[in-house]
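Heads up, the next two complexes both have subunit A, just with different partners, subunit B and then subunit C.
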Partner chain A sequence: MRVATQTGPVNAGAASAGPGRFRRVKPVMRTILSRPSGMAGAVLVTFHLLLVIIAPVIAPYDVTQQDADRILEAPSMAHWMGTDSLGRDVLSRTMLGGQVSILITLAASLIAAVWGGAVGVSLGLVGGRIDEVCMRLVDAFLAIPGLLFLLLIVSFAGGGVFALIPTLSFFNGISVVRIGRGAAQSVAARDFITAARVRGHHSRFIIFREMLPNLQDILLVEWAMRWSWMMLAFSSLSFLGFGASPPTPDWGLMISDSREFLTVAPWAGFWPALFLSTLIIGINLFADALGKALYVDRENRAPG
Partner chain B sequence: MLKILVRRLVSALFTLAFVAVVVFAVAEALPGDACTAYLGRLAQGERLDNCRASLDLDQPAAKRFVHWARDLAQGDLGNSLKRKKPIEEIVGPRFRNTVILGTVAALIGIPLAIVLGVFAGVYRDKIPDFVISGVSLLAMTIPEFVIATLLIFVFAISFQWFPAVTILPTDAGIREILPNIVLPVITLAFVMTAHILRITRASVIDAMHSEYVKMATLKGVPFRRVVFRHMLPSALLPTINIVALTIAWLLSGVVVIEKVFNYPGLGTLIIQSIFDRDLPLVQAIALMFALIYIAVNLIADLLVILLNPKLRSQVSGEGG
Partner chain C sequence: MENLSAGVVMPGCGPLPILRNVSFRVLPGETLGLVGESGSGKSTLALTMMGYLSEGLVKLGGDVHFGGHSMFEAGTGTLQALRGGEICLIPQNAGQSLTPTMTIGQQIDEALMLHTDLSPRERKRQVVELLEQVRMPEPAVIARRHPHALSGGQQQRCAVAMALAGRPRVLLLDEPTTGLDVTTQVHILELLRELAKSRQVAMVFVSHDLGAVARVSDRIAVLYSGELVEIGPSTRILKSPEHPYTRGLLASIPRMDGARVPEVLPGYPPPLAGPRERCAFAPRCSAAKDPCTAGRPALDVRGERYRVRCHFRRDELDDPGSLVRPSTRPRNGVPASSLLEVRNVAITYSRKSLLSRFTGKEDRARVLTVDDVSFTVHRGETIGVVGESGSGKSTILRAIVGLQPPCRGDIRMEGSRPLDDRVDTRPLACKKEIQLVFQNPDSSLNPRKTVAEIISAPLELYFGMERGPARERAAQLLQSVRLTEHYLDRTPGQLSGGEKQRVGIARAFAAEPKLALCDEVTSALDVSVQAAVLDLLSNLQREMGVAYLFVSHDLATVRSVADRVLVLYQGRICETGPVESVFAPPFHPYTGALMRAILEPDPDRRPRVEIKDTVESAPPRQGCPFQRRCPHKPGKICDREAPPAQELANGHRIYCHLSPAILHS
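Let's turn to the complex of A and B:
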């Protein structure tokens, strides 16, 4: 406690130099990057996000272009990562293989964090009967394995991969509700809220100015965790044959297609597996570092 | 204590009932019905009428739900559309196979996770912790099908120690199954260990910072005794419940792992039945998975109640 208060003024001074709402971004990013694991996470996530944007421009081949003469070719100067069972360039397909899954899961995780956070925080604040009933429902929903439900809905509802967005965000939002509610309850019990009450502030002021900044941190980290879960779920669906559909390059699908040729052409599966895994590891490392950095930042800025 | 037990049992039944309602409602909300989904382009004329009649689809949904729920309660899951057999017969042996897979993995994974988790927690931020936490992060983030494919590549293709896929009749005996499930068990146990290990580690770290551990250390109790007598009992108890909650996550993993190794369990069956568009069978399997989850959580709760000294003392309190 003492240590935190001593470093407080220094950091608070540096932080207040930035403009307006985003004044926390700089110190938080600095703390994330100061740890090797946070650095690795930030680099991996940035790399993959950049790739989504620039891959269509820099990919050396057309991802659907087949070449019957170059089937399952080992890596060479012409095809740096070799070719797959239809003679398509593995490098180009791997570079573009995250596009669909990343866009869908990013959108779905944002929706999940917003609706889950809003409902969860409200439940935590309202309490009472409504809260009790809703939490019962939440617990019951959590008893259904997520992937199974996705399978059930995706396969019978149709509508392609974009139909996954509402389903993913609904189910993941339910776990956010739980987190948001718990966070709201624990923040509501903290001393500075009591202090604000005693000072006679409006409850609107207390909710938006005193509580939300604290909840933001928890929800931000939860959003990153949901994103990582969704990437895992989406690629599993693709792997099982229920996600992205064939000519689309997609990591899960590419790994599943390459399994038949594992002995003769391991590269066709290795690269998409590496890209997929590094993205999910990156998100987790980043989320972990983000949580710690936000905590450190808040402790530093807390008035001594 | 009896009161707590009864309350817990009622809540488990409530959850099961709710899951049944959701599974039924989702099937109702989907466009078309079980018969149009199953028959696809053939869904017309007499064929469609016969199929609908066999499922009573001409009845209102509420009435069908009551029938379905009543049959469920009596253990009658209805008939599979594709296989034209009672679902209990199809699901029974596969349910057993999935339980075997999960149980063997749990028998390996849970003790391993507790030992490693305690070790990492006690030696927090030292080399053993970095190694254990690092590997567990990899196990949790790398998709199961990648881990499984990697294991196949190394142990089935390069070394040829174990079969890459399970080729077994669904109703094979346990003795025949066991040598075949080495790789699926390793994959599942690996992922399971990682999840439980992280929970144990966090809980141990919490307990190591507690007043009573500091007190014991200050009193001069030997470190080993502090860890085993003072810290562990209170650190491990709350992890039981959280471990049970991660089962939902692991069940999704089971589906993928079974599919990769072609293991004749519920996971491969649900994927097959989705490809067959056999909605009654899919619904039944989804319910079975929920049942496994609820049962595991119930067992965890009962364990906690039995092991918790506070609740145990309430027994004598209530009795007196």
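Let's turn to the complex of A and C:
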């Protein structure tokens, strides 16, 4: 009953919003922001995304500009976060350090969610031998430690954006396949899918109009989780020298560069590490809150 | 004598009461039946009796007394000893409340360990004894099984055995037989009755099924919207109920005598919480007068242990006889032209073995779920298909819509047109003619679509309607299932069970089908809603001339809607013919057993159980499918030869070796 009273206003909001593609956005966002962890996640992710856009404008220094006189300088009024081993401004580099990784991982995670989701849903629907064989392949891939395999491929194909995006999205897509397949199977077993089949709808109608609306929540949350995982993976690759290439400012790369001077100039490594971890924590918190909010939204639509 | 009384209990959500001043007392050896529709607060009350409030509920007043204890003031230690020991709750779905990883024996042993101080060896003996008491065949074997290896009825028995382990003095049963087959239900109810009497246990039996309640209860309490509206001896309540709600509830139950169409109780119960200044039932009451809306009636004492919450006495209300109306269903004398013909259909779920695929021979090891089923559906008529779970009812429907291709026989539309085995290869026009209405409205409507989108789907598909006109037509269809167009933009989650089922029916009728397949369409609904849906279906049939294939395990429901009936056992037809003939002697032994096991809220009729409720996983290789459970088995012939079809009057056919004269008695 307690739940029912809570859902009252939310329900009314949902009903008054009427039909429309984005009728759920508002109530879901409200639920996310109503939790401290969801609020924290949303703030962190928004902060980082905004930074990607405005950093080039507000960064005080040119990120590649070296200054031999100011090597490993401690934080000062001129350089708020100090300088690195080549005398570059840590603040400017940290602000821009997420640009490459965020853009690449965003793109790669979207690709992963789309291909993984599509393949997973199809396998769930097709079933039979094809499904059986594909799922064993998926199992095999999932058994390999991800980062090691990434390293192997990247060291053969070389780093760079055009090798990284396909590799990252391929490996992450595989776990989306698994999730998508399971979800599709459970939805496909429901009577309304049978009803649509018996009525004689095209499989296109069944997949896109009947099934997808029931799968999008799961895929959305999975995408967010993949994004966070990829951020970590990309930064690790950069740290190991396979990701972003110098002199591009990148958190993983910056942490790697600062490693030798960690005892003398901890600021050069601390700030990029802090930014990277806040983003990843932010994405995780947000994904978690998103999942819960979508669940709450579904339940709200089913009072009693 | 131990005295148990549940005092005035008012848990509620903040200041909003859910249960209002409910009070009654149950004596040892007595069974109180607690009846109400879903959402009337039955289960909350059952939990409250255990001294437990669900999350978010608070006690507003009152108390539950058990023996010398107050369930709400007792300490945690006392409560723990009481719950499961002295006072036991058996939940609705026992299968889910048993631990899947432990054997039945271990689970009962655990209960014994907690509530008795027997040695391990004594406990072991006790486990077997308890299982024997709940009439389990081979208790020692069952004790070593895991829950999943048992049937639903057996699981329910195990839950009872577990509850008995603590030698309880009070048993609370929350819908213990809902979802079980009739024969199983009767077995369990019979068992509970005997246990209550022999062990002097006080039982509270919570159910929405008046038939089941009538079977076990000495007294009945009717709960409506969180308050007791009538409580008294069961004979009195079932025979001459005073409260209009109880009368409406009784009238909405389909009966086997077929003399009446179930009466539709109009409207829906009010929300539980909220202020209440008038009689809660007044808006739905046909006899409501001024005082009903002016003030909330008190629970009036009218005789010994009999109380009613109504402003009026029985004789001041309408003549209860007016609630009984004769069947208005027109029975067509002249058979219309045939619409669907099912000929010698056999269906199997197992694949052909590799060898038989090579040799092309029939695989003898294959189990046929459905075998040699033939029947014809005429235009505008209703064929009822009855049988226990696993009798192949739904499988036949799946074959007709083309989801499960038959391995033999054929299915034809309109006499000549054969239907393709698979739905994907049938032409669209063909799919349009046959529509399905599903059992579970929660699963048959896409939770992510609005009602308008749901009903528009067939309109856009079959008639190529644009979104706008489809919406208008959807509104019309909603009206024909007695919903307003306000429902168009709601999602299924915002509808009640009965409303969802109506939307499902509207969607099926959007296609303007010639044949609607109804798969247990009313079994997930409350009795009063059930009556409304049945009424709706028969009205639609009259208006649109559609034929129904109405599958149900509930004989009384089938009796009230069908023209002709098929009785199925293990996928084989036992008996077929017009309803009047099938549901009257001579019976096939199986039909007879089903008939006598029916639970009706009639204190004079006691259901009899003749057949064991064992579940057979597969039909026998040869002979009569019913040979193992038949109470009248004449001899070896049943094991060897398939029973012949015996033609009786009016196309009534019985598949049995016994002669009609013997079956008649």
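As a convention for this text, the second predicted complex is superposed on the first by the 262 of 304 C-alpha atoms of A that agree within 3 Å, B and C clash if a C-alpha of one lies under 4 Å from a C-alpha of the other, contacts with A are read in each partner's own complex, and residues count from 1 in each chain.
What we mean here is this: a contact is a pair of C-beta atoms (placed from the backbone, for glycine too) under 8 Å apart; a residue touches a chain by one contact, two chains touch by 3 or more.
Since the model is a prediction, treat every value here as computed from it, not as a measurement.
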Which of subunit B and subunit C A:Arg259 touches, first, second, both or neither: first
First (subunit B), second (subunit C), both or neither touched by A:Ala143: first
Which of subunit B and subunit C A:Ala196 touches, first, second, both or neither: second
Touching partner for A:Pro213 - first (subunit B), second (subunit C), both, neither: second
Subunit B versus subunit C as contact partner of A:Phe156, first or second or both or neither: first
Touching partner for A:Arg298 - first (subunit B), second (subunit C), both, neither: second
Residue contacts with subunit A in the superposition, subunit B compared against subunit C: B
Overlap of subunit C and subunit B interfaces on subunit A (superposed complexes): none
Sites on subunit A touched by subunit B in the complex: 136-137, 139-149, 151-153, 155-158, 228, 232-233, 235-236, 239-242, 252, 255-256, 259, 262-263, 266, 269, 273, 276-277, 280-281, 284-285
Touching residues (chain side subunit B, partner subunit A) in the complex: 14-15, 18-19, 22-23, 26-27, 30-31, 37, 137-138, 140-146, 149-150, 152-153, 157, 245, 248-249, 251-252, 255-256, 259, 270-271, 274-275, 277, 279, 282, 285-286, 289-290, 293-294, 297
Complex interface listing, subunit C residues touching subunit A: 13-14, 16, 18, 39, 55-57, 272-273, 401-403, 423-424, 426, 428, 431-432, 434-436, 438, 440, 443-450, 452-453, 457-458, 461, 489-494, 496, 507, 511
Contact footprint of subunit C on subunit A as seen in their complex: 1-3, 5, 11, 15, 18-19, 190-192, 194-201, 209-210, 213-214, 298, 300-304
